[in-house]
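First chain A sits with chain B, and in the next complex the same chain sits with chain C.
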Partner chain A sequence: MASQADYKDRQFLAVIGDEDSVTGLLLAGIGHVTSPPTTKNFLVVDAKTETSAIESAFEKFTTERKDIGIVLINQHIADRIRYRIDTYTQAFPTVLEIPSKDHPYDPEKDSVLRRVRRLFGE
Partner chain B sequence: MSGAADREAVFPTRQSLGIMKAKLKGAETGHSLLKRKSEALTKTLREITRRIDEAKRKMGRVMQIASLSLAEVTYAVGGNIGYQIQESAKSARFRIRAKQENVSGVLLPAFESYQTEGNNDFAMTGLGKGGQQVQRCRETYARAVEALVELASLQTAFVILDEVIKVVNRRVNAIEHVIIPRTENTIKYINSELDELDREEFYRLKKVAGKKQRDTAEQDAEMKARKEAQAAAADEQNQAPNAAADDAPADLLAAEEDEDVIF
Partner chain C sequence: MSTDKIDSLLQQYLFLLNEYTTLRTTLNNLQSSLYQHLARANFSAQPGVRHYGQDYYDERMQSTSHLDIIISSETNTPEFSLVRPPVTNDKPSEKPKPNDNTKEQPQTQDGPGSTQHANNSNPSSPHPPPKDEAGDGKARDEAESKRDDSQPTTTSKHKNSTNPLHWFGILTPLPLRLAQADAKTAVEDIIPKLATLSEQMKALEVEVRRERKKRAKAEKEESKQQKDQNRGRCGGISNYQLKRVK
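Entry: the complex of A and B
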């Protein structure tokens, strides 16, 4: 269970996504950079990005940082670290899979929707 | 039966029977309350699930529109603005706040988005050309993020509710299948032991009563025999005084001839 103090100071969103998604979301104003040492709350992933880099970013956003309330991740990137997403069951921060421009959204892959389906025996 | 079955380690006394009965009643009350809570939570969960489904569909549409408007920006600005935007992002304008919502005793957090005024990291973006498109794209994405935040709070609520429902159901099952049968077994055991004691006590009393009756009968018989013996003796004595009556007055007279008493 999430304790009360756990989500009081979570006020940022984080995003792991391809360049277009990140650009758009940053335009909306979710980007936050803390200066010493420079840490960003977003990660641009392209074809050359290592899976381990994605994983460590996911780890950092979900467990290390205590000021992030929602982690947005492109679905095709979530697929690359699917096992980490599926085993992630904490309530905070929330991990939300979002569609990207090049990859249409597939509700069958979404970890939460799958839990929903399993819960209702569909 | 109750000896082999699972029961609590108590002494079979009337006091512990009372305690067990109170416990059984409490367990039944708790069971019905928890069951109702679980039903209420499940109802909420279904509602949330439905909304998640809707919100996911909506998210798909909104993100599509947002991507389109970003493509417009790329076209208008004439080049990729990704790097520029990534480098100029400094402080979040779009933030979220968590508040709580109480659903049958479960605190569900809900995110609420708000925009801080004043700081604009992208003042220079699209300064040359495409400023209008950039502005529109920002608005579109802001709406998209709002939808995402809503979806995220639904999802968080779903995760927490799911967990709470599991815990509540576990408790309901534990009470229904472990605590209530065990308490009933204990009550049965105590009752059977008390009955056993009662029977023992009754038997003992019967024994004692029988012994007393026998004793009384014996005493009666003895007394009767003694009375008869006395009666027989009395009859004999009734004839004897007639013979002794003549001697007695002579005895009385003879007493005058006692020695003088000197003071």
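Entry: the complex of A and C
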């Protein structure tokens, strides 16, 4: 299914979320900054952040970077790039939607549960 | 045959789905607890602290835990787990403390055993006790320094520097530490399992679809064969009827 080269170096988690979500997850010690071209494995999204910035971050975490194994994204932010998330089919990294402070988890929007409904023909 | 296989695959799939939804609930609870703790920390923030957020992130932060991905030989799907590199020098530095206590305890036990004696002995040697204490202190310091020499001194500094909690200051409020504990549980226990389940479900979906296609093909072939047989029968009857007519 996936060659060893595909997953061997994938050792980080990436986060796209609001400030509180990112702060919480970084407190767990998953934040990583690489240099000299400074690249972070997280993106703090606020009201001013444009959808194109979110999309490019998602693109970077899923396609360009080969050291990320799981991408965590707030569900309400995932809604802004839903077309991109629903068409994402790569084996690595895995994309997981997480709830945020102001937007509780909605199973109707979860990409995994959408797949379930598709499988059962709904 | 294929329907049985599909049923068993779907059964497996539903088990995974159940596990997924259970873990989702746990993650939701942890996340809400985390946000509550963060809100409390922000509410009770010290005067200098505006908001526990990205203003305080360390721009040189390094991940303290790494993903470990193993491809399962049974299901051929990735299994995620979060590995925290062992901080080798923490435990030894912690362990000697009880030893110190145990070492001290006999003395103190001797002390209590001889508490009365100590009280008695103190008068006999009024000055030694402070000297002894000082001596003990020195000995302790020396022992600690020796231990520190044997185990690199940078470990404690290193540990402090890698703990993200210290971005927000040395004396961080309790709610922030509780938020960190929630985040750690979510990241180390729940999220890797959810990712693993998601991948396993994806693999099963592919398998179910493949089996369904096989079944559809088999059904088509069966219906074709039945049609052919029916045609053959119809053809036979008509020839017989024709012969009788003649």
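Heads up, the rule we're going with is that the second predicted complex is superposed on the first by the 119 of 122 C-alpha atoms of A that agree within 3 Å, B and C clash if a C-alpha of one lies under 4 Å from a C-alpha of the other, contacts with A are read in each partner's own complex, and residues count from 1 in each chain.
In the analysis below, a contact is a pair of C-beta atoms (placed from the backbone, for glycine too) under 8 Å apart; a residue touches a chain by one contact, two chains touch by 3 or more.
This is a predicted model, so every value here is computed, not measured.
Undergrad: Please determine, from the superposition on chain A, whether chain B and chain C clash or fit.
TA: Here chain B and chain C cannot both sit on chain A without a clash.
Undergrad: Check whether A:Ala47 is in contact with chain B, with chain C, with both or with neither, and answer first, second, both or neither.
TA: A:Ala47: touches no partner chain.
Undergrad: Output check: A:His32 vs chain B and chain C. Expected answer is one of first, second, both, neither. What do you get?
TA: Both partners, chain B and chain C.
Undergrad: Taking the options 73-81, 91-99, 109-117 or 127-135, which segment of chain C carries the C-alpha atoms that clash with chain B in the overlay?
TA: Comparing the options 73-81, 91-99, 109-117 or 127-135, the clashing one for chain C against chain B is 73-81.
Undergrad: Is there a shared patch on chain A that both chain B and chain C touch, and which residues make it up?
TA: Chain A residues touching both partners: 1-2, 4, 7-8, 10-13, 19-33, 41, 44, 69-70, 72, 91-92, 94, 96, 98-99, 101, 104-105, 107, 110, 112, 115-116, 119.
Undergrad: Considering the complex alone, what residue numbers of chain C touch chain A?
TA: 13, 17, 20-21, 24, 27-28, 31-32, 34-35, 38-39, 52-54, 57-69, 71, 76-78, 80, 84, 162-165, 176, 179-180, 182-184, 186-188, 191-192, 194-195, 198-199, 201-203, 205, 208-209
Undergrad: Using the touch rule from the top, collect the residues of chain A that touch chain B in their complex.
TA: Chain A residues touching chain B: 1-2, 4, 7-8, 10-13, 19-33, 40-42, 44, 69-70, 72, 89-92, 94, 96, 98-101, 104-105, 107, 110, 112-113, 115-116, 119-120.
Undergrad: In their complex, what parts of chain B are in touch with chain A?
TA: 45, 49, 52-53, 56, 59-60, 63-64, 66-67, 70-71, 80-82, 85-86, 89-98, 107, 109, 111, 115, 121-122, 125, 134, 137-138, 141-142, 144-145, 148-149, 151-153, 155-156, 158-160, 162-164
Undergrad: Help me check something: in the complex, which residues belonging to chain A touch chain C?
TA: By the definition above, chain A touches chain C via 1-2, 4, 7-8, 10-13, 19-33, 35, 38, 41, 44, 69-70, 72, 91-92, 94, 96, 98-99, 101, 104-105, 107, 110, 112, 115-116, 119.
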